[in-house]
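I've put the structures underneath this note.
Paired with chain B in one complex and with chain C in the other, chain A is shared by the two complexes that follow.
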Partner chain A sequence: MAEERSVSIEVVYRGIFQKTLAQRICRSVVLAARKRGHTGTAFARYGDSPERNGVPAKQFAVVAADELELEASMAKYEPSVVDVSIAVDDTLVKGVESWAWYGRQPIWKPVRANGWLLVTSDKKPDEVLAQTDKAERPYTLGIVPGGASFAGLWVYKDDHTDFRVLGALAKILPQWIALDDAKAASLELAKGDQSAVASVQYGYDATTMRRVKDGEGTSGHEVLQFKKPGWTKMRPGVIVEARKPGERNPYYKKYGARTMRPVVNFDTCIKCTMCWLDCPDECFEVTPEGHYEVVYEACIGCGICAQVCPVKDCIVMVDELKFTDNKDKWQLWKTDHSKYNSWFEDMSGVSADPKKGASGSVPPNANPAANAATNPGADPAANPTTSAGGDE
Partner chain B sequence: MTTEIMPAQDLPQIKGVKDVPYDELFVSGHRTCQGCESALVMRHMVKASGPRTIVLGSTGCMYVANTTYYTTPWVVPWMHTQLGASGSAALGTAAGLKVLMRKGKLKNEKINVIAFCGDGGGADMGIGAISATLTHKDYNCLVLLYDNESYANTDIQLSSQTPYGAVTTFSPSGDKKRLMHTRWKKNVPGMLAAGHPESRYIAAGCAAYAVDLMNKIRKALELGGPTFVHTLDPCPKGWDYHPQYSQELGHLAVETGIWPLYEVVDGVCNLTGPTRQIAEGRKKRKPVYEYLKRQGRFAHFIDEDVEHFQAQVDKMWTDWLIPGVIPFTVPAKDVAILKIDKKPMHEQKTA
Partner chain C sequence: MAVEVKTKETNEIETEQLATGCEAIAEAIRLADVDVMAAYPIRPYDGVMQAAAKLIANGKMDVEYIVADGEHSQFEIVKHACAVGARVFVGSSGVGWFYAFEAIAVTAGLRLPVVAICGNRALDDPGAFGTEHNDSLAVRDLGWLLPWAETAQEALDLALMAWRVAEDKRVSLPVAIGLDGAFLTHSQHIVKIPTQAAVDRFLPKFDLGDRLLHPDNPITIAPQVDQDWLMEIRRQNDAAMRNALGVIREAHADFKRIFGRGGESPFLDEYMTDDAEVVVIGQGTLSLPMKVAIRRLRKERGLKIGLVRLKWFRPFPTEEVVKSLRRFKAVGVIDRDYSFGSPYYGGVLYNEIRSALYSQEKRPVIVGFIAGLGGREIEQPMATEIFEKTMAAGKGDLAAGDTCHWIGVRE
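Take a look at the complex of A and B:
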């Protein structure tokens, strides 16, 4: 590796929620590399602006041995091959769909053979790999400990994800980012706060590596690729075919933008229609019984339905990584109540029978919506999806 | 020559949530943010107006995020309209339809025309065209201003609808100046209602009160002529809160009295929903702090800012001619003027 002249790193993140975080990671990489006498630059992908919250977006850092090398690497408006890809929310390993026509792409897509994929996650490498698309070339998966950090737009709540990631990078790219330099850079960025140095060291020590061979990973994710019409095929006046009533837009499915998804307890549902009425993404379909089932392909996981549902724990938001498909679930409830209910309990950690109270090991309000609503002062670390804004 | 007004569609008022039309005319597959209330406004807007509707959309989130790269969530005909041109587009389309029908080139039919715009496109750039449209009483069209209180699509710049003190990319909070933006939000529906006697319907709504909003849209379309509806739409991206709270913030905006719900029908102002209950003293206004503290864009506020905000809202409720709507007060010496004999001239008593 000693002869390499530049290194490129991308940060894949949830648009807006993690924009500041991605910026800080890219900047700290360059700052640390400069301390070694390298040069570098950090930039965002134009195509992701304007970002929409939740929708995957990318930022980059390129570090080079000298200005000439940097300019040569920067001639590409966005690197299509990177040495390291960093996903700051583990649900992104299910694939990335930032804008239409790209379709859903495997998270490892731009990672070069034998490159690295760093994922911040509380889960074990094998659990994360089980949700990552089947590898087409070998790479190393690194798990940087920590939940998804939803640092907000204007107010950055520092949880040191950036410093932990920097520590992990020092471990895999020591010739570009030396641990000492990473620490010095973090101290500078944190304005002298020594705990930043500890976070870099923690990222360095606690990041676990797992070699991923060709063919490892899941083939369970939907292929979602579209053919671009090209401007010569577009109808005059740029006319776009309207959708038919009852149809959903097949070109953009929202699940790639989701970190949580709702599960519904049809037994306790009082058919009030509120979830259907207030869902900004038109996800609910009425069943012959008058229940409302979620079409998971359309759900962006905002959590509004869980918030507006008047019945406690009737809609529970659940970590996206617990699911392996996007199939609607009402059919299962229809054909096998008890099987559905145990699925509901398993996913939500909430008893399907409200009289019984909580089930399993998960506390009763695993639902972050309910949690944050009833306990607005909750520890943000315990509830990483709490807005950065003003709750405290 | 008398101008002939086109007949409008019969759009009966929706009695409750169970009465809301089921069919979606704005379908899933738009790339708006998680928890985008403006998207919900689009959905409710066409749900209320029905399939025989033409929608025109001014540039902004609801154009860019809805119709990107050759794909669309619209089931009804929809056309992209220049930023600031919603008023002209509404009027032009209504006039065009009328002529085509008169000349027999189009089947004589009742078609709704709705042009929407953001607060940047409507309250700032497009206000002149909207104002002009509202004076042309012989054309049936509705302008809907969806207000996310910023130029959201271009990443949250200040608009005339941005609330006092809020942080935007153009008004960050700094060490020297905590509040970069200190103008009070422009009262668009109040101003349009006061200035456009030809418009039979002008209203302020919020998607958090979905039935109320849909009924306002229906009433606007049914009364005909040029009409205007303004909605307040919580925007998780620009207001900086977790998307799950969108509905709640809509409720809080109304319950704190910051965003009063009302309609002005043929010059008569009705307060609706909780706003009416507050005005009648059946419900207490919540402190504005309840609303402000939930949003990152106000996270830099200190007590003094909150107090100022509260005082301004209080003034809207206590000093205005109609609470939260018409910003006039009457000097004590002129209170009698309000009791002026309003009967027709020939019925008035002579002293």
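Take a look at the complex of A and C:
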């Protein structure tokens, strides 16, 4: 590769839940690169603030050979092209929808040709790729082993995702981040905890790479792009159309905030209306026979419906990456009960027939929003894997 | 407060009354059929409150009169009332105006045609009641239209103009009429009060059109936006402010046609400028002592001097100002305001006038004067000094020119 004078890295993360994580990754990149005499900057996309729970947001690290080069790469403050994009939750590969009118963007959108997309995931590269928009230029998909690290607003789940990612970066960008520098930086960041060094090495060794060719990936995701109007086209007086009753916002759909989605067992539903009442985003529509079906286009996956539903396993939260579309499922139930029920069982892992007995409704690795909702003042000390967030 | 004295019937379009500037404004509120007005006492704005309250108590006016818990609420009340289609009136003075500042800023941003008066008053500290223009001028960059009145008559006339211009869909911006505290707000003069029928011919009903906040017209106003939207919104407001110049011209022509008043130009009032070599320019009531000085100095010393009074500060009538002032050898700008640390340590108007004339090949020498702050009177010796310094500058006296002088300040 021709000698490069700067490198740009973005971290795509779930707003609030992973803010501190993203910040730590970007800072560690600059601090590690600094050990070789490079300089750099780390910053968040200003338009993402104030962040919304789970809504995709971005932070950046730009590293350069010297100050002049850094200035040159900062001439466009928010990089529109990056060398590496890092998604710290694998459900983000379904697309990035910021709260501020960006539409839905493919996860690889800013990645330059032959750049990298690093995803922290427990899944195989092909499973992740299957949910990533069809590539328009080749890139390398790297899977950094590990589940998504979620925490609340004031806490930070210190599971070394940041160090594993730094190890992976040392592997793909050795000219900027040497493995030894990454280890030294991690040791400083972890205040001398040697396990950080092991995590860097693990990220370096265990990250699996897969070349992605043009055209690989799915074409199943919705295209959601808007042209921003000019001043002569906008309504004066800072006015936007309000949604009519029953109408949903076509410009901001929010399903990109979802890491899990609710699936409903209509057969066991007692039509108590609790889900319909408590859903913060008014996602439930009443079916002709009085059930409540989820409009997946609008659901943010907060998990509240599953928590308030009084019937065991009637609403089950399921990993978002298992679904390829946002289509409504009640139609299937209406036309073919048994087909629907086997779909329900397949997705949720619980029996559709309560008499057969089933496992717990909300999986152990529950949705972060649900956790945040029930456990707002989480005491960091109560959880050994959770420490106070923020920069040290 | 003046006892209401109806002096005489003039013709079918008006009657006469002895009224203060504040009472004249209250008459305008009545004639404009304002729906909602908000009040919170501060001198000299409270003069309008009292006059309007009296009209309501006497059964002469029907307006929702809301006494707010402070100036910020006052401006928020009318902003919201305006958004749902009410014709509104509000006002304040001095630091009260500043207490409302956040609401004042958003009103212009939202393009809501609120009509206000700013009864000009010195900003605290020290607490003082006398007139200074810094309260009004603080909003000069935000998208408020800022006319200044010279007399109680002009206050009434400008108020009627204000609703018409503000509510015009090409403008849709708020207006704050500057009224000099005491000199204008609290002194009584003969004021011609137009008849309702004549006003109705001049001022159409308020119609926000498709911007009306109403259940039948579901819209969201004042959303939070991302950095990608602001510039377009600012550019819209810029266009509205540019439109305002033309709309003021139209309104002025109609006003003259219906009421026979308003002077030649909507923007400038020129006094004895035809043969003048040197003029002074300023806003509001300071024209009175200056006019007297012009007559006296012309008679006693044969000086060719005159006055240009600026009626609208925003939108700034650049074309008219340039066309007028470039005829003269020297121009003295009288600021009843200050802008500490500004270029040449001048006032706000001084630097605007200089800026307007910069591109002219032939331009007058411009001298700045800070005078009459805190309601201090501009007495005849001061007026003489102002003209003498301006004339000296016109003759090339460098000590007098390109600089600013404090007039009548104790050393």
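Some notes on this structure:
The rule we apply is simple: the second predicted complex is superposed on the first by the 354 of 392 C-alpha atoms of A that agree within 3 Å, B and C clash if a C-alpha of one lies under 4 Å from a C-alpha of the other, contacts with A are read in each partner's own complex, and residues count from 1 in each chain.
Basically, a residue touches a chain if its C-beta (ideal position, glycine included) is under 8 Å from a C-beta of that chain, and two chains touch if they have at least 3 such contacts.
Small disclaimer: the values here were computed from a predicted structure and weren't measured.
Contacts of A:301 after superposition: chain B is touched, whereas chain C is not reached. Of the two partners chain B and chain C, more chain A residues are in touch with B.
In the overlay built on the shared chain, the residue A:246 is in contact with chain B alone; chain C does not reach it. Contacts of A:130 after superposition on the shared chain: neither chain B nor chain C is touched. Shared-chain residue A:257: touches chain B; no touch with chain C. By the touch criterion defined above, A:236 lies against chain C but remains apart from chain B after alignment on the C-alpha atoms of chain A. Of the two partner chains placed by superposition, only chain B is touched by A:55; chain C is not.
Looking at chain A, you'll find residues 100-101, 228-229, 234, 240-244 touch chain B in one structure and chain C in the other.
Residues 46-47, 100-101, 228-231, 234-244 of chain A touch chain C in their complex. The part of chain B that touches chain A in the complex is made up of residues 17-18, 20, 22-37, 39-40, 43, 51, 61, 64-65, 67-78, 152-156, 167, 172-173, 208, 210, 236-248, 292-299.
Of all the residues in chain A, the ones that touch chain B in their complex are 15-16, 49-55, 99-101, 150, 152-155, 228-229, 234, 240-254, 257-258, 272-274, 277-283, 286, 295, 298, 300-304, 306-308, 317, 368-369, 372-373, 385-391.
Within the complex formed with chain A, the chain C residues making contact are 109-112, 172, 210-211, 218-223, 225-229, 231-233, 235-236, 239-240.
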